[in-house]
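I'd like to ask some things about the structure below.
Letters A, B, C and D name the chains as they come in the text, with residue numbers starting at 1 for each one.
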């Protein structure tokens, strides 16, 4: 973060990388990487374990799993089924393990009218919703054996509803009493290279400053009273980021203070209201929303 | 209502007409009609005042105002502004009058994916949403002087969310504490003649059996704890209705019992899952959703 | 067809059934039925071979294959893949066999804004479009070996464009020179029982009076200069049909002339602008559009 | 244009500004500015009159009118009606004046699935389409006196159709014989400051390299045989532009050759597939598409 502007990333992985470059170990932050060479899938697990780690990383304590696959944006059905299975495994590992009566509310965050922000609402449309059937008929009402109760909501954005997402979800949680929330959202990354080919899963929920459009209040165990699993795909980069990167590269010999001065001038408030996204964002999101929906369906079917 | 099927209408007006045909006064039900000849707008006010009236009319006690205008489906901008002003007047007459701090939650009921059921979600998109701005900046944040707080939600339908509309709204009401709800919904009429050119306003909310797709639980002062104003446009007729009418006309000489036997055979369960709607439902709903949204905007701007 | 109204069906199968009831052989019309008991799939092949047959059947000479499967509306993925393969086989049997350079224009007819009329536009969105890639890179540009050129267009409806579908397609055909058109459209059936679980394929194209909203001019070899394969799913029944059926059942003892008189009174012009469709039309069309798109993709991939 | 990348702008105005900065008169290019101080509307008329001018400006000979109004993105209805009237005047000035039988095809270019590219398809939906009615009933069929024939098409993008926009339009033009095309498209600007508050009108059509996603072939009198009026709103800036600007500002003391070397390294192919757009692009496009549609409706109603 520099000057009066802030280069955002919602990926813990990218926060961690800042320190990697300086070959610094961050106290209280554990890092584990897996690379599946054949499929070109990289899985990174960042665990923020202490308050010190959380402060340095600018993210709450918890687990952040990032799945990166450059081919994730391509329409290869078989590959996407593999990614779905991988996501299902990670989702299950984050679900509360205290028994059978799992009831999951999936919240599709974001604005369905803006293509790169529509990931959440699109995922919601492809879920197997079971809560109303389990409530009416019990598990016998379902074809495929016992299942947990799944409900979903696309709460919209504040400009449309006049309400904070937290308010809407808190109300629904109190009334329908799910045991866990899965919140799906489009994220902002630092690097355009990660757009639309990365999924982050975290047991810490969704935090202020996340999402294509900021939330004022986080969605988490603290604010909602039940565990919140956050699933996100970076679909945009702040316009300021790409200017920052270009200039940093040019001026790498400068002192940091000097550079910040330059950047403070270049990154105008107007630019801060802009985002960067790939031209084929519609096609890739169609593919990705399906992959994530399948991952959630699989995870909950076997939960 | 006959045999094992039920010919539905969500219009109090149409329930009342059954008795009109028999020239029967219904005890506990008052009727007042106004006809604006120049504009061909008929306004009917049905007041159900006693439990007896409610039982006979199969609707709860309260006021039902119906505005019928055959030209409402036509794209005449000026005429629609007049209808909007008329609706605004009736909405204001139903708003709680106990002071200034009005906070209104507008609920756009129905399924945005099914054209004749999308009225509610379409109205929502055209409202002036102010709650988040009033909360942040006070009334000074708004251009046009003091205004009440307006928020909105399109809760979706149970097959999509796994939750009852009542559950979602009850949660949001508890959390955001509006003083009144305006629930907008597509309705079922008995007569195809009324489709897409009739608006019903009622201070009794929305009842089980209303809407293109039934609600299990009503939305009302009783279930939500705050007044609920229902605004609806009949966009469909149950398929059973048109069979019923055709046969009744043919067999008017028959005894009622005999007729019910005939109808019980003709109206199959398959037919009961069908609805009838005009071919130009998309264009007329586009016009009507704007007219109603303007009516609500006007009513709340001056409230 | 009676009096001043017309009970429509776009299914040759249903025209044929009229004669079945009377156990009449229609000269010039051959009928073949197949029933797959295990999967409950009925395939009927109607061949209209002579002008006499065409006149009696009120449809042009050619082949009409109807696939009926009551479970087609259910979201069973595996079953739908089987239906897709079956459709692919029938489509391939109708494609011109004169060589390798197949270029197919798929036209998604209908109004994307009206749920039961949106089948065509929805199918279009799920096709593998290859024409621009084959033109730029040759077949080597495609992953999966040689393929025919596939292009697509959703021409919209006349109220939106001011042009007849025939005009738009004729222009595009002259300019892009496909060898065959596949026109996908929502159809009208006579029987509500067939809605959303029946696919008709025909090598005769699309005819005036077909579709949820009528075409003035047919789409066929005669009007477009290249073969037109029509693929349709009945998604609506004319409102007049269900009245007709109910009354016919009641009055079966009457003389036909008498019945027509009754019906002419009952079926008002207003009713003729109405259609009947199932309440879950959105969900079933989502499933069916995918099944048909997969069928076309399969057929053209191996063509 | 520098190195192997190209900083694009579709605005003649912005090409002209390059020379302004150097206080250079461009031979063969005339410039006229009007500023309405009260309403803060700036109208610039660039006329490219000679081949030399066209070469320097990298745009074909013709007239380019740009209307800039910072408040254009705000939802002020009255102000938008004024802009609509201003646009109508400029559109009429570009229409062929050779008589009464005007027939206009409005083409809504771009991808309706990508928010900042959906301007064209959104405008199309709000037009008064009259061609089919004039053809059937003559002008007497219209309420408001004589009118020209208006038809419209949203041809989609090549990835969806497999066809070039030029092919589709050329076919339709040959078949339906309009006298002029109005092509509406989302454009790319150089400066984020102009996004969503600028309209360019030109009698030269649409050129390769225009639009959010490039066209291979231009749409013009040369390629379509009838005059093409292009109407565009810049909704995106190429990601490379903002890097270019930041770096230019930093390195203004450098020689141009040196700067190009730097930029050639910074602007990667990945970055060239990215665009920059404001976060509220959905709301502003809703307002702007209506303003432009009204402008076209007004122009053609009185044409």
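Criterion: contacts are C-beta pairs under 8 Å (C-beta built on N, C-alpha and C of every residue); 3 or more make two chains touch, one makes a residue touch a chain.
Quick caveat, the model's predicted, so the values are computed rather than measured.
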Quiz item: Can you name the chains that touch chain A as well as chain B?
Solution: none
Self-check item: Interface residue identity across copies chain A, chain D - same or different by half
Solution: same
Quiz item: What rotation angle, rounded to the nearest 5 degrees, superposes the C-alpha atoms of chain B onto those of its identical copy chain C?
Solution: 180
Practice problem: Report, in whole Å, the distance between the mean C-alpha point of chain A and the mean C-alpha point of chain D. | Solution: 36
Self-check item: Computed distance of Cα centres, chain C from chain A, in Å
Solution: 43
Quiz item: Where does chain B touch two or more other chains at once, residue-wise?
Solution: 159
Quiz item: Graph of touching chains, which shape: line, ring, star, complete, other?
Solution: ring
Practice problem: Write out all the pairs of touching chains, ordered by chain label. | Solution: A-B, A-D, B-C, C-D
Quiz item: Given the complex with chain A, which residues does chain B contribute to the contact?
Solution: 124-125, 129-133, 149-156, 158-164, 167-168, 170-176
Quiz prompt | Contact set on chain D toward chain A in their complex | solution = 111, 113-115, 159, 192-193, 212-213, 237, 239, 242-243, 246-247, 249-251, 262, 265-266, 270-271, 273-283
